[in-house]
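Before anything else, here's the structure in question.
By letter and in written order, the chains are A, B, C and D; residue numbering begins at 1 in each of them.
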Amino acid sequence: MKKRLYNIIFEHDTKAGRAFDIALLWMILFSVVIVIIESIPEVHEAFFKEFYTIEWVLTILFSIEYILRIWTSPKPFRYIFSFWGLVDLLSIIPTYFDLFFAGYHYLLTVRIFRLLRVFRILKLVRFNREAQMLFNALKASSYKISVFLMTVLTMVTILGTLMYVIEGSENNFTSIPQSIYWAIVTVTTVGFGDIVPQTVLGKFLSSLAMIMGYAIIAVPTGIITVELSKNKSKVCGNCSTENPISANFCSQCGKEITQLPDAS
Amino acid sequence: MKKRLYNIIFEHDTKAGRAFDIALLWMILFSVVIVIIESIPEVHEAFFKEFYTIEWVLTILFSIEYILRIWTSPKPFRYIFSFWGLVDLLSIIPTYFDLFFAGYHYLLTVRIFRLLRVFRILKLVRFNREAQMLFNALKASSYKISVFLMTVLTMVTILGTLMYVIEGSENNFTSIPQSIYWAIVTVTTVGFGDIVPQTVLGKFLSSLAMIMGYAIIAVPTGIITVELSKNKSKVCGNCSTENPISANFCSQCGKEITQLPDAS
Amino acid sequence: MKKRLYNIIFEHDTKAGRAFDIALLWMILFSVVIVIIESIPEVHEAFFKEFYTIEWVLTILFSIEYILRIWTSPKPFRYIFSFWGLVDLLSIIPTYFDLFFAGYHYLLTVRIFRLLRVFRILKLVRFNREAQMLFNALKASSYKISVFLMTVLTMVTILGTLMYVIEGSENNFTSIPQSIYWAIVTVTTVGFGDIVPQTVLGKFLSSLAMIMGYAIIAVPTGIITVELSKNKSKVCGNCSTENPISANFCSQCGKEITQLPDAS
Amino acid sequence: MKKRLYNIIFEHDTKAGRAFDIALLWMILFSVVIVIIESIPEVHEAFFKEFYTIEWVLTILFSIEYILRIWTSPKPFRYIFSFWGLVDLLSIIPTYFDLFFAGYHYLLTVRIFRLLRVFRILKLVRFNREAQMLFNALKASSYKISVFLMTVLTMVTILGTLMYVIEGSENNFTSIPQSIYWAIVTVTTVGFGDIVPQTVLGKFLSSLAMIMGYAIIAVPTGIITVELSKNKSKVCGNCSTENPISANFCSQCGKEITQLPDAS
């Protein structure tokens, strides 16, 4: 029975396992929506009791699930200290904590991390393959992207410092960290407008930075596009057939494909 | 005569049919412009009577067209409850409704959906083929795009919640939905500036989110570019000739091409 | 001598012609900078006389150039009514106009169109070839881009109308044109923040529009990238050698290349 | 011993050299963080003495490094006047300067340029190769990018001038340079919102500019993507094997590869 429960809770290939996954998925989404809606002051005041009840029902259900996961797991400690084990724990602890220590109501928002649990359930075949593809492309180009990010970070640091000297604290550029924050807001083209250059030199420098920020966004796009277009196939070492990136065995000769996608 | 009218109204390949389409296209655009201009308070007051007359002339013409479409259609009910049938109905109903129920003037803006009717007329050969191509690329990459959108939605939910805790309602982050709205405004690089972080930690977290938002826009771009570059051809199953994506028959051997573009 | 002057003024391949081009280029840029700087109120007041003198010297020089162009041109009228002829005329007329009709000072800013004359001089071999390539890519994908633009325009029209109904004139959405302006500011991720949604429904709808706007920018990027990557070569119909897109004759066999780049 | 010190300081391939690099890297980052944090008024007042001490310790260490670099360098003058030599000097001079001339405290921020020294240390094999690749792609497409930038600059100049005439100084468009600044803020989709069009014509023109700005960002992205995808290989002139762009010798026949990546 322990073995059967394990299959239902941890695996996705039996009918019962899939039903469990779908029920859990909806419960998680429902509980996240509750956390979000509860934060609206008017709603919180009007439906305080209802939210309290719902929260406890959900927490008890999640607690049962957590205990079952520990109990059915062949290596309980490995599960508890795994990434998903900690996320599961984080999903139930705040409610219990709130019972004993009143006044730390903000702690309850930690429950939002329940949202992460959705991704465990989403390990469905098709969805997972596509996510893997995107992740591979990002990983393969991680070196290029870090070169890009370092250049951007150096740029915003120097730009922020220059603007701090040019504009000064009388124009809201009160310190270098504040100016770097402004530089990031500007170079990423967000442009809140809470801090804006006032001097002629500051506006000129900002203009240069904006045009550069506008042009350099092309670089990560180019990197990822090239990587995604490369990641289309994995060649079989035995018969040279092109297989999809997610294949473990060649579709033509059945040999295992060990070749990794080009890391360059 | 019913058959001839059907060809004129529903088809685009006769001379009369094309003339009808062009006349209808201009009438729709004209009526949409009227709806838009009428909403300007000064214009509305000055030309109230003129707009009233124009509106009724247009509505009566559209009503005649609607009745003709029902009458000439071989399966009238199928037309009425089809997407385009409902859009056609929605284009004329608000004016009649306004006649009987005064004071619901906002309802008149529903007439803006007349704009959708433009797309029916635009089912011209060339235009349609290109639209089909773009639509195919979007459809083929819909799984990847939904992975991307889910990641973005999870990111803005967690970011919004963190900012709600960090900034609190004294800095305009009054609730989690409000904070999520801010997170979407920021990550998509819109940056209205009506809500801005005030605390040091909030600014630091925003900076991280902005740089991430700036970099991850590369992902959908990469996905769609790769898909569009793949969509260039459709290989004939008989003679392996490359044909354009819009081809139904091979340009070399004339066999029908049933092969679908790669869904991966 | 007329022939020699024609070569100097209109052509770029003699030494004198190139010297003339470079002198003219600097004069144009100088005169544009003058127009820009003169608009600063403090500068205008302080150096009124100097600017007046410089302007007249430049205008007289440009006028001499204009007369020489007419005189040396084999078909003077064709030149006068050509695009560049009209731009040349537009560059000198405002100053003369200002002499006779005082008070229309804003007209003087028309001189900014002198900037366009820079592009005539820039018809240098290498520069022109690259510009041609970009222009070809845009032209070849013009159908796809117009499909995209029409979708965006329909989207902002409907979004603007909905926001006008939802937010109403008390929240700055005073008319449909104003709301469409807001929708364009939002969907293009500019986000000025002078008009922002205040209602919950308005914020929700804006969030959807922002995420869509953020994703659909991938579409034109994909279109142009694919087009640019296609535009790399032009195959010779005689010997199948790949030639650069700007080639008129095959680099291997010397035959004229008539094949056009794929319009698909 | 001079030779050994040279290897440690200037080279990266000995164990001691790498340890030196890593120690220097952390010292530079630490000193940059100090400069940034010191600019916060509250921190500056509270820890004035501590910062003063840290700054002098760091400056003396950097000075020793600078003297050692000059002493061990085979051609000292060439080092002193090289780019990195000047950056090294710029990193220590402001602190000494501050000793003699009080009151020029802003000069101390020049120390931020120490950040550039990080890039010298980062000349690690893998990191450098990727940076080289990105740099090559930008260089190879520099002509196309300059065509693009010139078009954008012409566009913002003309747009700014038109907006200056349309909106005038009563709506914050006080001069043409100010209006060009606004045009850059708008076309790059930054959108601060400190200057916004108020007239109907101004809003209409802005809308056109925003949609154009939104679409033309596709152009540099397309250029760089195509360039990056081309830069994947370097063909050996002897045996036609494809080698990675960073290769100096062919992986198959060992001949030196002199062929440059396509400049087109």
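Definition applied: a contact is a pair of C-beta atoms (placed from the backbone, for glycine too) under 8 Å apart; a residue touches a chain by one contact, two chains touch by 3 or more.
Heads up on the chains, UniProt names are A, B, C, D = Ion transporter.
Every value quoted in this text rests on a predicted model; they were computed, and no experiment measured them.
By residue number, more than half of the contact pairs of A-D reappear in one of the listed pairs B-D, A-B or A-C, namely A-B. Homomeric contact subunit C (Ion transporter)/subunit D (Ion transporter): same residue numbering on both sides for under half of the interface positions. Averaging Cα coordinates per chain places subunit A (Ion transporter) and subunit C (Ion transporter) 41 Å apart. In whole angstrom, the spacing between the mean C-alpha positions of subunit B (Ion transporter) and subunit C (Ion transporter) is 29. For subunit C (Ion transporter), residues that reach two or more other chains under the stated contact definition are 148, 177, 180, 189-193, 217, 221, 223, 225, 229.
Against subunit C (Ion transporter), in their complex, subunit D (Ion transporter) makes its touches with residues 143-144, 147-148, 150, 154, 157-158, 161, 164-165, 169, 174-177, 180, 186, 189-193, 196, 200, 203-204, 206-207, 210-211, 213-215, 217-219, 221-223, 225-226, 229, 264. Remark: subunit A (Ion transporter) residues 189-193, 221, 225 touch subunit C (Ion transporter) in the complex.
Residues of subunit C (Ion transporter) that touch subunit D (Ion transporter) in their complex: 32, 35-37, 39-41, 106, 109, 112-113, 115-116, 118-119, 122, 126-127, 130-131, 133-134, 137-138, 145, 148-149, 152, 177-178, 180-181, 184-185, 187-194, 217, 220-221, 223-225, 227-229, 232, 244.
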